[in-house]
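What follows is a pair of complexes built around chain A, which joins chain B in one and chain C in the other.
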Partner chain A sequence: MTTDNRKEILKRGAIWAFILVELAFFSIIGDRLSVSDKAFMDYANMLLLLKQSAPIGIIALGMTIIMINGNIDLSVGATFALAAIVLLDSMTWPFMQALGDWAIPLAWVFALLTGATLGAINGLIVWKTGVDAFIVTLGSMLGFRGLVFMFNGEQPTSHLNWTLVDFAEGHFLGLHTPTWFLLCAALVLWLLMTRTVHGRNAYAIGNNREAAVNAGIRVGPHMLLNFILIGFLAALSAVVFYSESGSVNPNDGMLFELWAITAVVLGGTKLAGGYGSIISTLGGVIAIQLLRKGLGHIGADTQTVNLVIGLILIAVLILDRQLNRKGQGELKI
Partner chain B sequence: MTLTKQDIGRLLAKQGILIAFAVFMIGFALANQRFIAIDNIAGVIRSSAILGVMALGVTFVVIGGNLDLSVGSMMSFSTIVVLDLHDKIGPTLAIPAMFGLTLLLGAFIGFLVGYLKLNSLIVTLGMLSAIHGLTLTWSGGKNMDIADKSGTWFSFFGQDRIFGIPMPILIFALLAVLLSLLLARTPFGRKVYAVGGNGQAATFSGIPRARIVFFTYLISAFCVAMAGLLQASRSLGSQNTVGQGMELEVLAAVILGGASLLGGAGTVFKTVVGVLILGFIQNGLLLVGLDFYVQYIVTWAIIILAVWLDVAAKRGRLWSPIA
Partner chain C sequence: MTDPTPVLRLEGIVKSFPGVRALDGVSFDVRPGEVHALMGENGAGKSTLMKVLGGIHAPNEGKIFIAEEPVVMTSPMQAKAKGVVFIHQELSLADELTVAENIFLGELPLKSFGRVDWAKLYARTDAILKKLNVRFTAKTRVGDLSIANQQMVEIGRALTVSPRAVIFDEPTASLTDAEKVVLFDVIADLQSQGVGIVYISHRMEEVFKITDRISVLRDGQYRGTLITADTDEDEVTKLMIGRSLDLSRNESHHEMGDVALEVRGLSCGTLFQDVDFAVRKGEVLGFYGLVGAGRTEIAETIFGLRNPTAGQIYLNGREVRIHSPIDAVRMGISLVPEDRKGQGLVLSMNCRDNMTLPQVDDMTAGPFVSDGAEIAIFDQYRDKLDIRTPGWRQLVGNLSGGNQQKIVIGKWLSMRPDVLIVDEPTRGIDVGSKSEIHSLIRDLAAQGFAVIVISSEMPEVLHVSDRIVAMYSGKVMREFTSEEVTEDNLIQAISGITEKVA
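This part shows the complex of A and B:
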């Protein structure tokens, strides 16, 4: 085994090792400090953890492929909110109500199409104008939020459909419905990134755009597809979340982009592009959720969670730099 | 002398932001007389002052080639801290104490980004979260209010006037002039441009890159502390999330002013223009009778058009060469 190989395994395994440490810490220390007498490693608790990871997790998956491609998307929170509003609002349209429960899949389609369209707008602007994705999506973060407010002003949009709520709260083969959505999305994206030409080219473009162009890869369509995918996934996340809750505030989804980026970076994906994996992001998402739940379990307040996650993010960055000491693979924007 | 297409392009790129500003002002003024009334203009500048003060500091960070996403969260921190300390140790001590603590946070970020050379986007993202946690811990999650609101001179910074000029405008203007001089007329300013423009070249020519980056974050933290002071003094009470989301608005203003995210370009004056454009558009759209959310959509269009014009002029063609 070469040093490079060993380093690679070390890097890929780091997030899973971190999860194990968290589990051990919260089960041993946590159960002593805990306010409740339930064990932390309770089966139901762990299932709930996966379910709660789903909304941010699905967005983080999309952020991973965007970042592997060398871009970033700050507008996912606004896309999430707009898709949620379309989902709930569309079910109250007269012709949809005439459809009965068949309105549900149609409302999903509307929401997902909204997300994909918003993603396509971002992607086209980045492709055609050549403006940096950071700026484009910073702008559309504001713009999409404006569209959200157009629906109902500052009022929340609500619609409860009990068939839908039952489905979203249900279990299937032992796992919650949202968990299945997260796992399926992860599987599809993993196949996309590791087994298809698009995935290979996305890595190549993120790694060295000029070289990719010289190798005859058309950069634009790949970027566009990735933006459509992240828009779609942000909408999927909204579908998963709001099918259950049934009410959306116009400010919902704010700072989701930052949470998603945090999970992706914890998973080891490089901001500069060309390196990262879907599976590691899944690890990052679970690690953050474990931390939230674990700190809650030992009686810490939400404020401590923010503090700890922020500091861990920085610590990961420092560690990562130590691993890449020789100047190779240094992070840059 | 005839103007060629290229000349027009270059002019648009160089002064595009000012031209757009002028066009907007004239358009709104024609649509509604009240828009150019002195008290309306003063009102706009006054309500933009807090965002503006923060944007001044972030300009230094961005020109130095880095980002600062923690300013919103840091502003909440300074506001909460100064309000809390006001009742505990009195305003005279609370203000310097708050400035000290905020500068300490800035120094920490500056150390991580400057000396440890960590990625500024992720560091300040982490700090956004961490400082928010710190603020909540400080306040216990409760809103912070000054007990005796009418009996304190603390409202001086946010509510008083000198020669008829509201203090926030005065502070914003004074800080803008000082920082503009610092950036444009001193060796330190030139070094900030050098570090942001080409960090490696700057290092080779003997400029202490780490120290310069460190100082840009200190300046940013100082401006944030000032913004927190204005905010606290204006309202004499605050939620824990008062600055939430402002980091991206600030960045939008700085980018609108023409600072490049890659570093090395931008001026304090242009950032002020960027801040004012955002403020006046918001105000103008409301005065013409449009709903408040229209400003978001308009701002979106303006940001992308502004940056697009800029990059288009630099590469000499409108559409990107990406295949």
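This part shows the complex of A and C:
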């Protein structure tokens, strides 16, 4: 019992220990190699780091619940771009312009509805056809991205609303607006997954689908709800990011799905489903962002950063497998 | 019986799958407060019947009544709502979740906004666990429990609602004697509340101890219902297999050669400890024991699928280390695995390709696989083993169980092994093909192969073996020669009872 508990604590705490190691590494060794003379552990720098974590972080939170449920969603990057286009373009519509700044919340609602709808499409297909979520969302990833390009060709879609930018760049109680969105989303989803029946059933479905069916859990609706949630969150991520930048490139959000999955896996969620936690994913997101920023701080270029993150991801999974081995007598397959 | 209205009644249930009539006019009823045993050999249709009851399969014909009201079962949830609860044999648990969540899976107590009422959940679970008299708590992760304790969690599920009928599917398969007592108490308790119980089991002893009536299925057909108090094991057996149990022992003995495989002090973690045995060329060594006694794990270790934690393996007198199945095959050990369809065959490939699978690497003509060599091997073993198939192009998935097993055996014989390990050779195979496989095993031994047969069926072990190793909970209890073995001493050995010194 106690060894199991200890293992559990080790598993849950690993990502935070990793973050501490990163912080120590970059502030001690990093500052010696640094290309700038600013300290890495600077308060403003850390706040910025949290803010920059928000777009992928919000998507990764959604990916966590999808993966706990035993599915995967590859279409989040395209959903993100499409929701961003709806957000920015809707503000140029005549009736919206007539509303003045009241157009902003309405544009948000439009964008979020777009995301939820796209998620619902994925979820319905997965539920009603029984096709694997990987294939369904691979298809919708291409399809949704097609819609993005159909909208404006290769041209970016732009609309700057200064009230919106002010809000997005603002601070509240010392934290950036996007950080608040990230933290609030994490809190709500954490409550959802740990406190509600929907959350617990999602774990059960991902863990042992047959057992869930045998117990009379309706698998389909739970999966649909989770897909709607991740669509919504991808749109929320777009709302947070593009309120500030005001311009969408049709290629924006590409590979977001993979970064989100990386963060989720780094946080210890099982690819096969049934195990994982929202809080650990938050750790995974911060760990990746720290690594990016830290390596940038000591002058490494993007390619090196990607290489290092890739290596660390694989190392983490090897470590996880070793921790989960059932001793020497394990069946070799 | 206090109330004559059956809680559950089946009438003329027919269920066919393509090519098989899995259930053919099955009728029986369960009265309140009754324990009704459902017996039959493997493949007799018990599990199909359960799936029909649980709404997983829709019957082609026939009716189900609950308390004399006709119902159509569409899902396990609906069955549970109507008061029919299943305790599954294969554990249907989510091992990352807690005991409490598993017991109340699908019906977690609610608060407002869909929140889980944890306090209520744990309180109710604690009450159930107290009744089950187990030593784990509601918050234990199910994956950390032993198989027996997981089975207790499964049983706990029956106690969450007030059911009308509870169906236990082989509940004691992995329980110790002490845990069985608890289970029987639980059953008696349910009984006193007027719940009807369907008890599926192979174990005569239990069935005669706790049941009121016994219904028997054979090959999908209902063979009749007996009153437990008025019948005996022999009558039930006759109904089950259509004749008295053939406990004849192997009589034919042939010349035996040198020791082909010897194992000394072999251990593998908690799976089995300190196992010694030897098998000679021309000998059939039977391994008999309950499920989970470690027989399959020994075979897997010898075949290089598991790393032993201690002990030595000697092949033809030389110590060998086997790290993988590749090593094992090269050294002349072959394993016909327990799960024919899952582990032994690629069902979507044809007969020839399945048979040549382990050696297709060596059968090339230039850069391509040599068709001729493959067909030659297939033809040779088809004739030798009398495999009945329209041709080598036939997909293995379309063959009968007996012919599938022959393909697996042929596959390994074509590798020319010294030692052939056969795990549950006749599981899910009809009676006629069974005896064919048995004589095939005897023939192989006569040709000089050392054969190890692992089986859970006593007649089979008695019938084919020259010697029998009885295992209990990872240990070799005793070795018998075919002369000294009796039904009684074998059963005692596999139940962990060391022989009383008379």
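Methods note: the second predicted complex is superposed on the first by the 325 of 333 C-alpha atoms of A that agree within 3 Å, B and C clash if a C-alpha of one lies under 4 Å from a C-alpha of the other, contacts with A are read in each partner's own complex, and residues count from 1 in each chain.
Here is the rule we use: a residue touches a chain if its C-beta (ideal position, glycine included) is under 8 Å from a C-beta of that chain, and two chains touch if they have at least 3 such contacts.
All values derive from a computational prediction rather than experimental measurement.
Looking at the shared chain after the overlay, A:305 reaches chain B, while chain C stays out of its contact range. Of the two partner chains placed by the overlay, only chain C lies in contact with A:195; chain B stays clear of it. Using the contact criterion defined above for the overlaid structures, shared-chain residue A:129 touches chain B, although it does not reach chain C. A count of residues in chain A touched by chain B and by chain C gives the higher number to B. In the superposed pair of complexes, A:214 makes contact with chain C only, with no contact to chain B. By the document's definition of touching, neither partner reaches A:268: not chain B, not chain C.
Once chain A of one complex is fitted onto chain A of the other, the partner contacts of A:138 are limited to chain B, with no touch recorded for chain C.
Within chain A, the residues touched by chain B in the first complex and by chain C in the second are 213, 218, 330-333. Chain C meets chain A in the complex at residues 54, 75-78, 80-81, 86, 88, 92-97, 101-102, 105-108, 110, 113-116, 140-141, 144, 157, 268-271, 297, 300, 304-307, 309, 324. Chain A contributes residues 74, 125, 127-132, 134-136, 138-150, 153, 213, 218-220, 223, 254-255, 258, 261-262, 265, 271, 301-314, 317-318, 321, 330-333 to its touches with chain B in the complex. Remark: chain A residues 1, 4, 8, 195-198, 200-201, 203-204, 207-208, 210-218, 274-275, 327-333 touch chain C in the complex.
If you check the complex, the residues on chain B that touch chain A are 67, 69, 112, 116-123, 125-137, 141, 244-245, 248, 251-252, 255, 261, 291-297, 299-301, 303-304, 307-308, 311-312, 315, 319-323.
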